[in-house]
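Just below sit the structures, each encoded as structure tokens.
First chain A sits with chain B, and in the next complex the same chain sits with chain C.
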Partner chain A sequence: MEEPIITVRNLQTFFHLEGRVSKAVDNVSFSVPKGKVICIVGESGCGKSVTALSLLRLVDFPGRIAGGEILFHNRDILKMNTKEIHNLRGDKISMIFQEPMTSLNPVFTIGRQISETLLEHTLCDRKEAWEKGVELIKKVGLPRAEKIMDSYPHELSGGMLQRVMIAIALSCQPELLIADEPTTALDVTIQAQVLDLLRQLRDQSDMSILFITHDLGVVAEIADYVIVMYAGRIIEEAPVTELFRHPRHPYTRGLLKSRPVIGQRRDRLYSIKGQVPDLSELPQGCYFADRCESCMEACRKEYPESVSDAGGHKTACLLYKEGVANGSTTAEDY
Partner chain B sequence: MDRPLLKITDLKKYFPVKGGLFGRPVGWVRAVDGVSFEIFRGEAFGLVGESGSGKTTLGQTVLRMHGRTSGQVMFDGLDIHSLPPKEFHKTHTRMQYIFQDPYSSLNPRIRIGDAIAEPLLAHRLATRADVGEQVENILAQCGMAARFMDRYPHEFSGGQRQRIVIARAIALNPEFIVADEPVSSLDVSIQAQIINLFSDLQEERKLTYLFISHDLGIVEHLCSRIAIMYLGSVVELATRSELFLNPIHPYTKALLSAVPIPDPERKRSRIVLNGDIPSPENPPLGCRFHTRCPYAKDICREKVPEFRKVKDHHQVACHLF
Partner chain C sequence: MIPILFGISLLIFFLFALMPGDYFSSNRRLSPQRLEELRALYGMNKPLIVRYFIWLKNVFHGDFGFSLQHMQPVTTLINQYIWNSFIVALATLFFTWTIALVIGIYSATKQYSIFDRLVTLGVFASLSVPSFFIGLLLIKLFGVDLHILPIGGMIDTGSTTTGLAYVLEVLRHMILPITVLTFLSVGSLTRYFRTGMLEVLRMDFIRTARAKGLKERTVIFRHALRNAILPAITLLAFELPGLFSGAIITEQIFSWPGIGRIQLDALSARDYPVLMTLTMLLAFLTILGNFLADVLYAAADPRIRLTKKEGG
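Now for the complex of A and B:
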């Protein structure tokens, strides 16, 4: 297998609040291969965004990366000095956020904000940077590129701004694009446009994408490989078709069942009872035990280890401790 | 068929765009521009549209949270917008509104028990003595324990807050509830709980809903008739099965095809629309959708299509059908 672009090992990001420690990300390991889309999916508070921010060391006080390593081409990002990490951000690894409206500076033109990244990371002058900016705007499918370069963020719609954000993120041809809920604030028809664009860009440039979302529908549209997080830990991961065909962890299965799907109406929606545990008072055993329908006594004693089957489908659940044995009892009841 | 509980006729709501030296209106935002439909007693009516389509303004104008520009809203024979204030105050017990964001719809300084008791006391439906008991019952119906009564909103999660907001809305025993994106700020697993609560309450209390949402999956689950709104007007209205099996309007089709489906193996032909929803301040002439419509013809650019019946329980505004 080809060497991955980025490898995360046992990442721990903790928040220290009022004398308590919230384990926002705990023991998370994964890697992103070249030219693939890896999706991290989970609900609010599961640590998916903090994982993304940790990759670029953007976690703010009171958060702190407490342990683990993040290897980018075999160099540990966590050990880089300020200058090295500065050179990495926006150049080799870039990021787009959920709210395009708040990610751009309202007092500068779009053109200036696109050129800024180019001037910072490449050897080009203002004029070249501007021309490159026009090209980028055309590349992300916006009409009247020259006019957009001269406009201010408030003059554009949410979908257009998200395209501008993508253009800025792509300006230095990054190897890895981290997209944190890039379509959540957009309407469905615009979301479809942006997803198409991201897919196209990946195919053209062999860029890898780490895509963070809470929407399993979006995951199915764009992912090659899926990581499901719950309460700061990875509970299941598998290639996309495998995950949707044979979801295993009771949480993943619950999530898939609780979403109404057009054309498959049922009288009553399945719902996972209860709510996400407090990250500073996590139970001793499996974090999902209180909400789980198949909870056993052993589940409350220790956190289950992640077990992988032959196909690379990893599940952190005692039901699958013996590996593949009972892995086939999944898709039927869904 | 029964008499409709709510009948909206050619309702319009324009907001002025102020400009110039003296702040005179220089233009109008046509948020709702000529909408007519009926909602029958006991049904859940879905209103779907993207941001800027005017669905929230419509919901609020129906409950007279702001005045109309023209048109009529008849609620059980009462012309809501012409009622004198005292009469209108009485209708509050019959119609209620649930907002999208449960975080900002509860006063952070008021205990939730008091927040639910307030409308009961204001309308003299309870006395100080028995209000506690009533609040307890209502909370229980919404899946919340009585011990939560003395707590403040910040102690609850988003899903619990939405339950409290729903409890407050049903406290007055209304017949009609406008729910404006009540689950869109919640997590998927919590969404399902709240949607089930909505269906339970509908069954138990024979409620009528105007359910506003951008999520077609949820609307299909909950609503028996659905209207699709685009740029201030309704483009298609049909029963659930009609709309999802035989969508007619190109916008409805595009909307349906854009909804992501959690199945990576299902290949669909997707209609990707170009561009954005135009500004309601300066809507396109003719059919409002023609700027993004893949099938637009000359007539679409000139003439506004009539909203007409194509079959039983199916109305559409499009020149092509």
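Now for the complex of A and C:
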């Protein structure tokens, strides 16, 4: 892999609520190489959004980053002072969110909200910022840019607003774009358009994208490399084709199995039984043990370490630990 | 607006007219014949519905009746006292809103801090202490013990000051009533602003603003504050009648010659024209305030524009 622009090591983000500690993100390590799209997948509450927010230190109270380091060009974001982190946000690293309808301030015009970022991070006056804003709106494929600059958020549709959010995020040509479920709130055709746009923008510049989603269809569309999270931990990671062809962790296999496949008629989609465990009362062993179809005795004793094979496919599951009866069930049949 | 005012006039007139007794009936020295004569003199013996239209016609001519208790027209009487209440209420409004806004917003941004907890404590003190208690306490403290502020009234007894000296004298007398009234109303408003701000701070667009790299100050004062004070416009508009209604208890304690006391006196003397006029005035101001709130809100919130813009 190329030189990564951001490296996360042993990130821990905990939520302290009523004396209990919820380990929303625990010991998460990964890196984002230049110009690549990394996807983090997992079901709701697995810590993927919190991971994304932690990168910019945007986790709200009562959440707190308890440990680890986030190296951006070898500088630890977690050790930056307020001024440095403000200079980083929106300039070098920017972020778009799940709900475009509520992510823009309802009382300011689109134009004002776009130029605001430019005025904050670049040396330009209001007029230049405004003109740059018009360009950006055009760049994200919205017609009648001048009119949109004068509009208020409630006058635009969800898809348009997400494009505006992307325009704001791109305004200072960031090195990394964090996209936290940017298509979840949009309907399917708009989803495809927004994904196309992101891919296009990635190709035009050298921007890396950290893409958070629970939609495996979206992952297949856009990702270069996939990270699967479960209950706050990374359980499997691999390049996208490898992961879809040879999923290893029983959880990943379950996720892939629960997708509808075009052309196959099934009465009922497969679903992984049970629920994500309470993050404040995690078991001693593997967090997935209770729901796992191939759970073994040893799984309940210790949390499995992540094991990497020669191709860089990492799995945190005892089935793949050397010496333990190897899971002969590769996933050819999925 | 106009039909509502008519409805109100009906309601007010009949409520007061149908109440048993009038200004004369509590005077036991009047013989029945004399009583009848007086009632006929002031038109109280006519049928109710006729009396209503007479009253309404007079109101249209700016004549709101005659106060038998004070022996002068109601408008003159009210005009004489209402401004005394108004200056106190206006100053109170100003201080209440300034203090509540600053403290409420500051404590919202520092939720769960020591300051925030102290504010919450203060809010409950403000909400639960009765006005006569805090009023008397302040009189005892500043008026009686420390001798730095007057204990009541609007000017010193037998004072003949004019010009600036007069203004200063009145101001000195205003300090305690204003303090009491501000203290009493600042609590709920602080709570209101704190809650509003907390709500806004949890919104997605605040996170967006932070993710854009804006300074925390910009996030709070530009993005959050505007949204947090929008609903307060309605509240502010409803303060309009409050400016003219007087504060009955506080005015009594500080013997402030305000409209609150006039109302109370009029009530015990059954001087109904005074009460009817005041109620009518407050009803009108409430409706006006409501109307102003709508206009102001539309001006301040782009989501509520009277002229429909074409969507993108």
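What we mean here is this: the second predicted complex is superposed on the first by the 323 of 334 C-alpha atoms of A that agree within 3 Å, B and C clash if a C-alpha of one lies under 4 Å from a C-alpha of the other, contacts with A are read in each partner's own complex, and residues count from 1 in each chain.
Rule of thumb we're sticking to: a contact is a pair of C-beta atoms (placed from the backbone, for glycine too) under 8 Å apart; a residue touches a chain by one contact, two chains touch by 3 or more.
Fair warning: this is a prediction, and the values are worked out from it, not measured in the lab.
Of the two partner chains placed by the overlay, chain B and chain C both lie in contact with A:160. Applying the stated contact rule after C-alpha superposition, one finds that A:56 touches chain C and leaves chain B untouched. By the document's definition of touching, of the two partners only chain B reaches A:189; chain C does not. In the superposed pair of complexes, A:89 makes contact with chain C only, with no contact to chain B. Of the two partner chains, chain C is the only one touched by A:104; chain B is not.
Contact with neither chain B nor chain C is seen for A:309 once the two complexes are overlaid on the shared chain. Looking at the shared chain after the overlay, A:290 reaches neither chain B nor chain C. When the two complexes are overlaid on their common chain A, residue A:69 makes contact with neither chain B nor chain C.
Contacts of A:144 after superposition on the shared chain: chain C is touched, whereas chain B is not. Residues 157, 160 of chain A contact both chain B in one complex and chain C in the other.
Interface of chain C with chain A (complex): residues 111-112, 202-205, 207-216, 218, 223, 226-227, 230, 300-303, 309, 311-312.
Residues 56, 58, 60-61, 82, 86-91, 94-95, 97, 99, 102-109, 116-117, 120-121, 144, 147-148, 151-152, 154-157, 160, 165, 168 of chain A are the ones that touch chain C when the two sit in their complex.
The touching residues of chain B, counted against chain A in their complex, run 50-51, 157, 159-160, 187-193, 195-196, 199, 214, 216-218, 220-221, 240, 244, 254-265, 270, 272-273, 276-277. On chain A, the positions that touch chain B within their shared complex are 43-44, 157-160, 187-193, 195-196, 214-221, 223, 240-241, 244-245, 254-256, 258-263, 265-266, 268-273, 275-276.
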